[in-house]
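Supplied in structure tokens, the structure appears directly below.
Going in written order, the chains are labelled A, B and C, and every chain counts its residues from 1.
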Amino acid sequence: MSSAIASGERMLVVDGIDVWLSGREILHDVGFAVEAGEFTGLIGSNGAGKTTLLRVILGLQPPSAGRVLLEGRPLGRRGTAIGYVPQKVLFDPDIPLRTRDLVALGLDGERPGIPLPSRRRRALVEEMLEAVDATDFADARIGNLSGGEQQRVLIAHALIGRPKLLLLDEPLANLDIRSEFEVVELIARVTQEQQISVLISAHDMNPLLPVMDRIVYLAAGRAASGTVGEVVRSDVLSSLYGSHVDVLHVHDRVVVVAGQATDSILTGSDESVRHEPQDFIRVS
Amino acid sequence: MFSTLMINTWLAATIVAVVAGSVGFFAVLRGSAFAAHALPQGAFAGAAGASLLGLNTILGLGVFSVLGALAISLLGKRGRHDAVTALTLVLMLGLGALFLSFSVEYAPEVYSLLFGEILGVSRGDLLPIALLGAASVLAIVALYRPLLLSSVMRDSGEARGLNSRTLEVCFLLVLALATSATIPVVGAFLMFSLMIAPAGSARTLTANPLTALGLSILIALATVWIAVAAAYETNWPIGFYVGTLGAAGYVLARARQAWQIRGHGHLVVAEQA
Amino acid sequence: MIGQLFEPGFFTNGAVHTALIVGAVVAVISACVGVFTVIRSQAFAGHSLSDLGTTGGSASFLAGASNPLWGFVIAALAGAGLIELLGARRRSDRDLATGIVLGAALGLSALFLYLDTSHSSTTGVSTTILFGSLFVLDPSMIPAAVALTVVALALLAGSYRMLLLSSLSPELAAARGIRVRLIGALYLVALGLAVALASLTIGALLSTALLIGPPATALRLSKQPAVAILAAALIGVLATWLGILLAYDSYNWPPLGHGWPVSFLIVALIFSFYLLTELPTRLLRTLRPNRQPLANAGPEP
């Protein structure tokens, strides 16, 4: 679904990305663009390739074909140009690192040496902690935080470097509805102030509908991008999936339902996870 | 105890404690307890080989510990090193057995290499130990931030351009350097205990990383000084004291932590820095 | 030509007979337990148990025992019990606690060995404990060794399915009603026994080779548990017998006089077998990068 995309003032341009992994084509000719200050949702079920695509954009996964341009330039030295909030990270409760330390690492963690105490640094960290409502547990160990608290800290860690683009990998997974709402609201609020572009991946588009400017829908390794109105339609998604798909609107929620028995049923809020037989030992 | 004969030992012990405390902080953070254990034991083979060839034992320690570090990082898969570490370790130990069997007089020297010897540090040894020790500590200072980030949040580090694999190799090499510096005093078997016990205790006492690093060094210093004094008085090996004091300290630290939890009914959210 | 492989007297030498029998028996049980050890990522625990054996071995000599087997067994089982008690869920927690306990135990063994050597003038005690005594085993020990092996094998065989499932996926096992903790404890006992036996033959320091090496190699060749166990046992026995043979032959190798230590040879063989399976896969991986639909690297999407 990509066309020739002109680069230039666009914050992020993804063009013709192909990725092969373990002998399978995960992504085929994926392309889209994100403008400055836009909130883009990367929607797809588990296994659709969202994390792979994010890793390509971050420069962690070399694509078999295609290119990624950040502000018109190919990805070079990364540093803090792109803020990255990975999927849930497991922290050992014994780790000697406080919330404020993790956020401070977001400033300059990749630089060598021991950080010298500086007023400016401390002020920046305090400011960021306030912005994400984390001052209450600023001195707590990161291993003792709840899921929602940890989410906020990871966002602060990613944003403190003043990136132009914020990437979040499934931040809403495993959250209850109320926390989902709070996190989306937090992200939208903080990034809007700074005009930061956001690319957030999720398997359910509904919590993001209120704030999404643009959607990139990933299915069967292919992508369709545009506004929600342009993309989330039966004909567009059917041609993506290669089989009949219905899009239903229930009140203000969207439900995507596969028509044939051969496809797994996708709704707006269920995960479709394929289990693999456990008769082999997976040992590294 | 403070005669000129023992000055070397005190100096070396102090250097060793600083090195072990700082490197150990990261070894514990990264869950590298096994590597911290394996490298020194393997390095012992190098010392045996060096003494067989008539070379300085520290050279042998250095070479074998570096080789071991490289083997572990190159042969091991991402994050899951334990089978490879075990195999590399026993291969080097086996080589140690081989070298030992070739040499004629070995028992006392071997014993001191394995378990530490208060008079095991000669004047000539002091300089290499100091240099290796300084190099290890400098490396830890330089790597502090990236290693901290990469150890705690690997993906975020990668996104910022930190190659975790390279960092792992670097860290293991620093571990190897530290090993060569510390074995002559504390012995191959117990050196790792000096690395992980103080760091393990320190991190239960504070959540501030820099403070934990400092405490790790302080606890290591206390451990090693008491060990040297006690070894001098009783003639028992230093390694014995290091091992038992380290374990005792860790148990105390854990007990204090459990007491805190019980006293508050839940984990205290904001701890003292 | 075959005659040249076997130095004269190999097949008639009594010590060699004992070595071959005990060595094979120990290799089999080590391999069987070792497969589970590798699956459960408990190589450090296995190694720690054998190092702990040093404490037991040196203590037993201090107590006047003539061979360290029971010292090894008691220390290993005590260590297994301790590790089980410490029972932290996360591997890094477990490793830290194991390491610290190990430090204390090694410290004790330092003391015992020191007292050993000052009480009796046998400096050979260290070597026996640390590096094994395959060729100087007392044949009257064979029954004990076999009995312990049978016990350990029985533990494994009796809990095979449950052990396998709880090693591969503890959550799934618990969901099926398996007493994961109990199975884990039984496994630790088998581990302790295997480690003690291996300490007897190739020494407390090197026993990990028999425990980890053949299983790690076998798991590279096959991912099916039953096949892996069989292969590991075969590899272990092969390495042991070949090591014994080479050690016997090496009497005439440089440096002359006393041959190469059998424990080293066995360990070297085990490591070589491991490398033989490891290197080809590595080479293949570097020669075929990600692009082609043939490579095997990278994360799942």
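Methods note: a residue touches a chain if its C-beta (ideal position, glycine included) is under 8 Å from a C-beta of that chain, and two chains touch if they have at least 3 such contacts.
From a predicted model like this one, the values you see are computed outputs, not experimental measurements.
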Chain of greatest Cα-centre distance to subunit B: A
Chain whose Cα mean lies nearest the overall Cα mean: B
Most heavily contacting chain pair (counted by C-beta pairs in contact): B-C
Between subunit C and subunit A, distance of the C-alpha-averaged centres to the nearest whole Å: 46
Computed distance of Cα centres, subunit C from subunit B, in Å: 25
Computed distance of Cα centres, subunit B from subunit A, in Å: 40
Numbers and ranges of subunit C residues touching at least 2 other chains: 38, 92
Residues of subunit B whose C-beta touches two or more other chains: 80
Residues within subunit A bordering two or more other chains: 94
Residues on subunit A engaged by subunit B in the complex (per definition of touch): 58-60, 77-80, 82, 84, 86, 89, 91, 94-98, 101-102, 105-106, 108-115, 136-142, 144, 157-158, 284
Residue ranges of subunit B in contact with subunit C within the complex: 28, 31, 33-34, 36-38, 41, 75, 80, 82-87, 89-91, 93-95, 97-98, 100-102, 107, 110-111, 114-116, 187, 189-190, 192-193, 196-197, 200, 236-237, 239-244, 246-248, 250
Interface residues, subunit C side, partner subunit B - complex: 38, 41-44, 46-47, 51, 91-92, 95-96, 98-111, 113-114, 117, 123, 126-127, 130-131, 203, 205-206, 208-209, 211-213, 216, 255, 258, 260-261, 263-264, 267-268, 270-271, 274, 278
Subunit A-touching residues of subunit B, taken from the complex the two chains share: 29, 77-80, 141-146, 148-149, 152-153, 155-162, 202-204, 206-212, 267, 269-271, 273
